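Each chain carries a letter (A, B and C) given by its place in the written order, and its residues are counted from 1.
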Amino acid sequence: MDRRQFLKTSTAAVAAMGAGTAPWRAAQAQATPIKIGLLAPLTGVVASGGKEMVEGVQFYLDQVKNEMGGRKVELVIEDDASNPDTALQKARRLVEQGNCHMLIGNLLANTGLAVANYVKGTGTPYFIPIIAADDLTQRARIKNVIRVAGYTASAFTHPFGDWCLKQGYKRIATISQDYTFGHEQCGGLAQVFTEGGGTIVQQFWHPLNTADFSPYLGQLAELKVDAIFAMETGADSTRLIQQYASFGLKEKTPLLMAMNGTDQSVIRTIGPECEGIVAAAHFAEGSDVPTTAKFEKEYEAKYGKIPSLYGFSMYSGMMWIDAALKKIDGKVEDRETFIETVLKTELDNSPLGKAVKFDDYGNPIYDVYIRKVVKRADSKFWNVPIETYPNVSQFWKYDPATYLKQPPYSRTFQGIKKA
Amino acid sequence: MTPASKSRILGMTARGATTAAAILIVAALLPLGLSSYQVGLATEILIFGILAMSIDILAGFAGRTSLGHGAIFGVSTYVVVYMTSQAEMSPWLALLLGIAAATVVAAVFALLAVRTSGVYFLLLTLALGMIIWGVCLRWTQVTGGENGMRGDVRPAILVGQSAFYWAVLACAAVVSYAMWRFVCSPFGLTLRGIRDSESRMRSLGYNVPLHLFIGFSVSGVFAGIAGALYAMFNNFVSPSTVALAQSVEGVLMMIAGGVGTLFGAFVGAAAIIVLENIVSSYTQRWLMVLGITFVLIMIFAPEGIIGKLRAIFSRKAKAP
Amino acid sequence: MSEPILTLSDVTVAFDALKAVDGVSLTVPRGQRRAIIGPNGAGKTTLFNAIAGAHPPTSGKVMFNGNDVSELPPHRRARLGISRTFQITNLFPTLSVQDNMMLALRGLKPKKFSLFGAPDPDEAEAARIGSALKAARIAERADVIVKEMSYGEQRQLEIAIALVTTPTMLLLDEPAAGLSPSERSMIAEVIRSLDPAITVILIEHDMDLALGLVDHVTCMFEGRVLVEEPPEGIRRNAKVQEVYLGKPRHA
């Protein structure tokens, strides 16, 4: 028996044992609470985002009075410290020590990928509203890792590339943080844009935590492009937006960004420099769709700030899980059914504004907004939709099988069509 | 020389051998009484104990504290994960390659660092470690960049948590014995001589850099073993495994256990890992708590936990 | 007089413009006890360094036992039988006396590279360590940690370490510096009872101690040999009195 064979049989054996104990567990189901393990970076480089993730989850649980699928919910929060090794250790703790029925969370792709690899072995349902690594719903899918209210990195930049073509842009340059999340978002845009006849003039990759963008901005100013696409997160995004304006580029060349670049977590800290930046996303906090507006108002009333991607995604993710739990009367112990049900559940009445369902690969199909940063009446800035691409697949308009044959986006593969 | 010290088992005194056997038996029985998560923690303690011991070989015996051992450890982890997941190599062969790679990296570090000492050695090894980290982060095609690599590294028979623990325990026992023999050996004595007086060693005819080079490389082999085990433990590797924080943690574990006590490394690793786990479930400020604890250890037991215990016991033994 | 074991011909050691040793030639017969005296800055220790190899001569030749050792590094000279102690105690303070001796003994042997070998000395080693410690009169202190010994004992250990490699020539750099009178007489006793086959060259400030121990005295001044005479003559030598006592008078 080789190793793979052994793994298969042993997994089957474990599954059979699980099935054997299922009836007993089902009888217990109503009495005990559903244990949800929440992994969020409460310390480390992305701690502020992590705190908003916890808020999003708490906000939902408060609204449903801590009850999902007819059962009480016990939430166990663990700090992944923005570090994959810690994330993995905490995931072990939640599953093996805390006996959590499911895990949700993580912010940084490397923490999410580490936990995903772990639950591949345990079979624990793991929900990732924030982790955007393309391959988790593409080339390296894990059945029990589900992207509730999450997205693949390149899914929104595909339509964004199309929008750029419609604006009549011919020449675009990109600047991005040099890691997979950036490679994927830039790749999505670059592929669609160049296949439609556009030219990616140059691509700049800079290390995370770049303090001074002037060397890059200086070169960008020389390029004579129609627009610049920037993929930045956190403090890098703040700095790029500010320096882009102070460099005098804001008046000359339109700035387009990946949606994390103009997320509330970034723009709530800066002033008019961010006004007018365009991004593509599944969510725009300034949308006038009633469910979105209602969520935004309530969240802002409670936490005193406009919700960011982190709060919103975790909130919607919890809502999606709850919708599935209602269908199976909260029986999370039967993992297989639980996972199947989640994947079949359509999320309605969410802040997303429109019913959302999963594609065959476990990635939600959204309406993608092209959104713009505008000033609100109270002079805060937020994102308002200016155009909508309905029902966008993570494979855009490509045939999934063909698309999956191309390599994943990376620094060296950006899907750029040679002229 | 007393007659008692002449009857030796594998070079250990009768009392030493009994103590070692007792500890080993207790450690082997642990999985029977612990939850699988706790067994996982115990496994982690053993792995990091080996890393901390490999640092102690240099710090405690040659007087050279390395801040590059996390990187040496991590290189092994990277190679093992890469070889099993990308090159589809057998895990056993991958382990050997991982340890070999760590040894080569340690030898290169050693070539550059052996002529320095004190804070210069610290900074040089730190810088070399940062280079490894940078390479792992940047060389995306091979290392997976920021996201790292995942795979099924553990051989089939070690998939179970307890089975893996026992394998690591056996490994840790052999490696600890080897390291103990190493620091007690004639060569180990030369390292202690270098720690005490480099100039005297030179005048006695010792090639000091050569000895440090060998010592560093051997220490790298052990760090590599720990790194390879860590690859099997996590089935995953990312730049944080080779980051400075990893080296610092190894050094802190060694210091907490007691510099130059060798086996104190396990006590230090246990103290820090257990504390991390307990405290982090009560407060988000767990890093602060850890920091304060460390400061307290430095103030009240600068010789480390094991060092302090030894001092207390020897005082009691001297008192009538 | 027996054949010479050490011959220096026109040895100069220069530090940039300063010639610390300036054209020294001297011959030491096998088995002789020789003192090198002179005021501070006369170049005594520099001359030692030129002989032992810590600071090879800038020009001139050092012949030892028929070999030209002028260019050899210290450990190669040690292998030929030159052994020395240091003016400033330089031991391994956290190791035991036994371990200090072991390090001294194994410096020139391949056994130092035994990575996983047993720590204890073999029989031959134990015998040599035993006799060296005995010669230095600290045989019963083998298991003591060096930093716990008195300064006098540490100086004795210095001599034991120099002896353990069974040298043919022993260079003692102020072996009694900083010791109490009783410790000095102990050191003197140790030196006096050394194996007569060993050639001993000794730097010493304390004239009484030095003259009581040696057959022949070389007095250095400003890097050159001032006088070479047996001890009896040296006390009365006007030049020696001049350099030792005369200077302060002019000051």
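Everything that follows uses one rule, which is that contacts are C-beta pairs under 8 Å (C-beta built on N, C-alpha and C of every residue); 3 or more make two chains touch, one makes a residue touch a chain.
All values reported here derive from a predicted model rather than from experimental measurement.
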Required minimum of steps from chain A to chain C, each step between chains that touch: 2
Central chain of the complex, centres being mean CA coordinates: B
Distance-maximising chain from chain C - centres being C-alpha averages: A
Approximate Å spacing (C-alpha centroids) for the pair chain A, chain C: 77
CA centroid of chain A to CA centroid of chain B, Å: 38
Distance from the mean Cα position of chain C to that of chain B, given in whole angstrom: 43
Per-residue overlap in chain A, given as positions that touch at least 2 other chains: none
Residue numbers of chain B (touch at least two other chains): none
Residue list for chain C, restricted to those that touch at least two other chains: none
Residues of chain B that touch chain C when the two form their complex: 1, 11, 178, 181-182, 184-190, 192-193, 195-197, 199-206, 211, 214, 218
Residue ranges of chain A in contact with chain B within the complex: 3, 6-7, 10, 42-43, 78-79, 81, 83-85, 88-90, 92-93, 95-97, 109-110, 113-114, 116-118, 121, 133, 178-181, 183, 208, 410-412
Contact footprint of chain B on chain C as seen in their complex: 52, 54, 74-75, 78-79, 84, 86, 90-95, 99, 102-104, 106-108, 111-120, 161
Chain A partner contacts - residues on chain B that touch it in the complex: 35-38, 40, 44, 138, 140-141, 144-148, 150, 152, 155-156, 159, 234-236, 238-241, 245, 277, 280-281, 284, 286-287
